[in-house]
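Just below sit the structures, each encoded as structure tokens.
In the two complexes below, subunit A is the common chain; its partner is subunit B in one and subunit C in the other.
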Partner chain A sequence: MNHFEVFGLPRKLGIDTAELQRTFYELSRILHPDFHQGAPPAEQASALEASARLNAAYRTLRDPIARVEYLVRLEEGRATREGAAATREAPPELLAEMFEIQEALAEAKAGGLDADGRRRLAAERDRLLARHREEELRLAGPLSAAWDAGDAGERPRLLDACKRALATRAYLGTVVEDLTEALGESQEGHVTHRRH
Partner chain B sequence: MAYSDKVVDHYNNPRNVGSFGKETPGVGTGLVGAPECGDVMKLQIRVNLDTGVIEDAKFKTFGCGSAIASSSLATEWLKGKTVDEAAKIKNTDIVNELRLPPVKIHCSVLAEDAIRAALADYRDRYADKLDGAGAPVASA
Partner chain C sequence: MSRIVGIDLGTTNSLVAVVDWKTGLPRVVPDRGGRVLLPSIVAFTPDGVLVGDAARRQLVRRPETTVYSVKRLMGRGYEDVRDELCYFPYKVLPCEGIVKIDLGGREVTPPEISAIILKSLRDRAEAYLGEPVEKAVVTVPAYFNDSQRQATKDAGRIAGLDVVRIVNEPTAASLAYGLGRLKEGVVAVYDLGGGTFDISILRVKDGVFEVLATNGNTRLGGDDFDRAIVVWLLDDIRERYGAYLGRDAEAMQELRLAAEAAKIRLSTEERTTLTIPFDAFTYHREITRADLEGLVERLVDSTLGPCRMALADAGLAPADVDEVVLVGGSTRVPLVRRRVQELFDRAPHSQLNPDEVVAVGAAVQAHILEGGITDMLLLDVTPLSLGIETLGGIVSVLIPRNTTIPTSAREMFTTSVDGQTLVDMHVVQGERELVRDCRSLARFELRGIDPMPAGLPKIEVVFLIDANGILQVTARELRTGREAAIEVRPTYGLSDADVDRMVEDSFVYAEADVEARLLIETRNEADTVVTHVERALRQGGGLVAADEREAIGVALEVLRQIRGGTDRDLIHERTAALNRATEHLAEVMMDAALKGALESRRATEIAASPGES
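Moving on to the complex of A and B:
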């Protein structure tokens, strides 16, 4: 059962999150262990499993970006089964730009950051953060809407556009995070920390 | 997360960090990224244009420890190989050597991508001097 099916929703990106939350609470209540005390172990186990599935589905679907990411994965699974090659393309000029910024950042850090350098980095960070937001808005807005409105023939092109926007967002998020860290202002919440 | 000793070693003492000058002959450059995490990696090979052997390799990786270790290891493996031999390096070889856990497999994929991109760039640049297999054409 995929996340959309858990909620009985069609595979669409336009989701009313208030409605989603209501359904989530309702289903959670039904699946709550308290309701299944004394039930046969098999029933208890299946309620527990269903509740884990529900939580995972809710976490993904309530976030418009995670939703697109998930849909892309679902569709990719389908595409791979149908023999289409999975691409992990990013715009090459974006990679080059990110690489240059990282190089400059490494140099700036090695040379010690003076007030001027910090100002430059902060300005750069803000500029990139704005682009990061822009990609998110594009994903949650026009791209999601286009996907829902598009017919099967347009799907591959739209899927590609979504993937490119997701990748762009990921690259921007990483440099923003690295710049922020270099500036010593850890701003939780901008982007997730993914380095271990 | 616990890294293997080999990852830690490469991370602390990365081999072959840097890049070649723009004018250096025989260089192929691969610049790749992992959309999963936004990390970027540049890997370069310098091929002896007479023998077709990779004499030197350099990398710069802005990414996690596993990505740094993977690319550092890749540059070590590339040296001394012909372009054809280099094309056979697989991310699974890197995973095995560094004992990367499943969540870090994409970091080794990034290194394999970088090798491929560098080899392709080299072949591209020196296409007129190479036979089909990427080895220099013996000049009569």
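Moving on to the complex of A and C:
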């Protein structure tokens, strides 16, 4: 049973999240282990499994980006997380600048960053963060809508567009984190926060 | 069915509460003297083991054998606690991944100490209810990791309590407030107890309490405030009397108790005086609220970072929070209230007694599990990311923090050498990229893989975090469909055999007839399964083939005939057999229920919107 099926939804990216939440709560009231407490182990195990499946489905579908990632995986027939860590690919138009950024990063890591360098690095980070957000909006908006409207013939092309956008977003995310870390502006107390 | 009680097993105090079946109201259960708080202290004396207030009176007289704040040691290794051991007058020793407390001639583990506290609460509940109590919901800090949760469960087992659910303390508190006191919306629960700090952000809607994010520090609480005061007093005494009392266990206990009492008085008074009669001199010292605030400000401020992290993980800003709830005795400290109010820019709730609210919430959760409350549901999260070690000591995250539980993740494993029959896995918990910076949970060994060329076996491993926040791992070889054998070696914790042995020779069971008790438990279990299977056959028998129904019928009849006997192993075996026979039926029924719900939903939607289509 895939995540869409768990919620009785068609395999489409346009999802009303308020409605999804209502269904999630309703199904939780049926499946959650709390309501199968006194039951024999077989029923408890079924409830546990079904409830875990429901929670995973909700977590994925409520988030527009995770939803696209999941759909790509589903379309490509990859059932598990295997290889899920989306490839990070530099957007072609940024390739040239990337050398400069990498250089500035290396400089920052070596501790040779003056006030001016810091300012430039911070500005660079903010610009890339904006690009990252742009990519997310594109994925959640036009790309998702195009997928839902597209017919079978267009799907391979649309799927490919989604994949490239995901790779770009993942790449930008990594660079933004590296820059933030180099600037020493990570969340307090958690210096090297893991990327999910 | 016997009642399920709610227990708050606290660092400083523990309580038991239960919901009245008739009125639906939760009650914190008092002891014979009318006190509801049981100090979480256990004293070992030549006359026997003392718990609670009686043990508290031994703190100064027998500092080496009076154990307090044991919660800080639960599920931890020696390296984890080494730097705070100087504050404990009792001796803590390393012991194969866990710690033991040396009582001079006898060594006990933290779960055994907790079991003594649990047993005392159980006795209290039994006297109050007038019936045996075998099941409990026990609360833990939301930020407790897997080992700490497991240790808490072990403590229950040693005390003869089936811990049917581990609930996070802040979430439990929200359930207590949920009984008519909370508006729907986003709630932040700030829980600062004796030894631990938690922040949980929840969305309360339609009776569902959905935790969005949680964060905290399992080594920060009122104990640390007391320590800060004691260090300050030690300096003051050295300066004024030229005496250093840091190595005098009895004096340190006097100072700790006086510091704690002064801290409590300063929540309502601006200044107070400490008077401690030592042998050589009597120590007087005035301390003001400003002094206290200067000493604990750094500690209080260190709770704000986790609050911001939790908000960020929930995707919210402080202004999005509709209600703030304060839990735990340390939130009585005015500076704590001020800081929380500043952060969320809103006056926090504290109508319910912050010492009792967690136990009340545990009782509410227990009542939900008993079927007494059907309109409330708690959806909690796992506080820490779960991952496995990959090449180069890097963590590969399988389940990110703040995922709603229960939850599961699947991962494929294979072999790297021809003919390999074993695969190792190392499971860790934490938020860092490198294995060595995370908490090691356990090493798993997959055995009995058929010898094949490298890379050919496909072993699917399922990591499941249950509703208690505890990890279960199963594995299957996909080519054969066979369950793979897994050997688990928990990094910090007791093996099942350890716990069994502790049950046998526990202080707790000394008087009970273990055999008779176990037989009754086994029969009860058989009865539960029989009743449920009868019902399942009536309701869902038609969903499976005739021969499957027949097989279930046979297993059912066999169990009915033997359940009255005295052969515990046989009853157990037949119960398991009946259960196995119904596995498929249970699954089919769950799917049917799910489909039914989705269909009736659609039907209502269509009925409700006649204008469409």
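Convention: the second predicted complex is superposed on the first by the 159 of 196 C-alpha atoms of A that agree within 3 Å, B and C clash if a C-alpha of one lies under 4 Å from a C-alpha of the other, contacts with A are read in each partner's own complex, and residues count from 1 in each chain.
Heads up, the rule we're going with is that a residue touches a chain if its C-beta (ideal position, glycine included) is under 8 Å from a C-beta of that chain, and two chains touch if they have at least 3 such contacts.
Since this is a predicted model, take the numbers as computed values, not measurements.
Looking at the superposition, the partner that touches the larger set of subunit A residues, subunit B or subunit C, turns out to be C.
By the touch criterion defined above, A:17 reaches neither subunit B nor subunit C. Look at A:98: by the touch rule set out above, it reaches subunit B but stays clear of subunit C.
Shared-chain residue A:59: touches subunit C; no touch with subunit B. Within the superposed three-chain model, A:30 lies in touch with subunit C and out of touch with subunit B [touch as defined at top]. In the superposition on chain A, the residues of subunit A contacted by subunit B and by subunit C overlap at 194, 196.
Put simply, subunit C touches subunit A in their complex at residues 1, 164-165, 205-206, 208, 210, 305, 308-309, 312, 368-371, 374, 377-379, 385, 395, 397-398, 400, 403-412, 431-433, 460, 464, 466-467, 528-529, 532-533, 536, 578-580, 582-583, 585-587, 589-591, 593-595, 597-598, 601-602.
By the touch criterion stated above, subunit A contacts subunit B in their complex at residues 88, 90, 92, 95-96, 98-99, 102-103, 106, 163, 166-167, 170-175, 178, 194-196. Chain contact summary for the complex, subunit B toward subunit A: residues 1, 31-33, 35-40, 42, 60, 62-65.
Those residues of subunit A that touch subunit C in the shared complex are 6-8, 21-23, 25-35, 37-43, 45-53, 55-56, 58-59, 80-82, 187-190, 192-194, 196.
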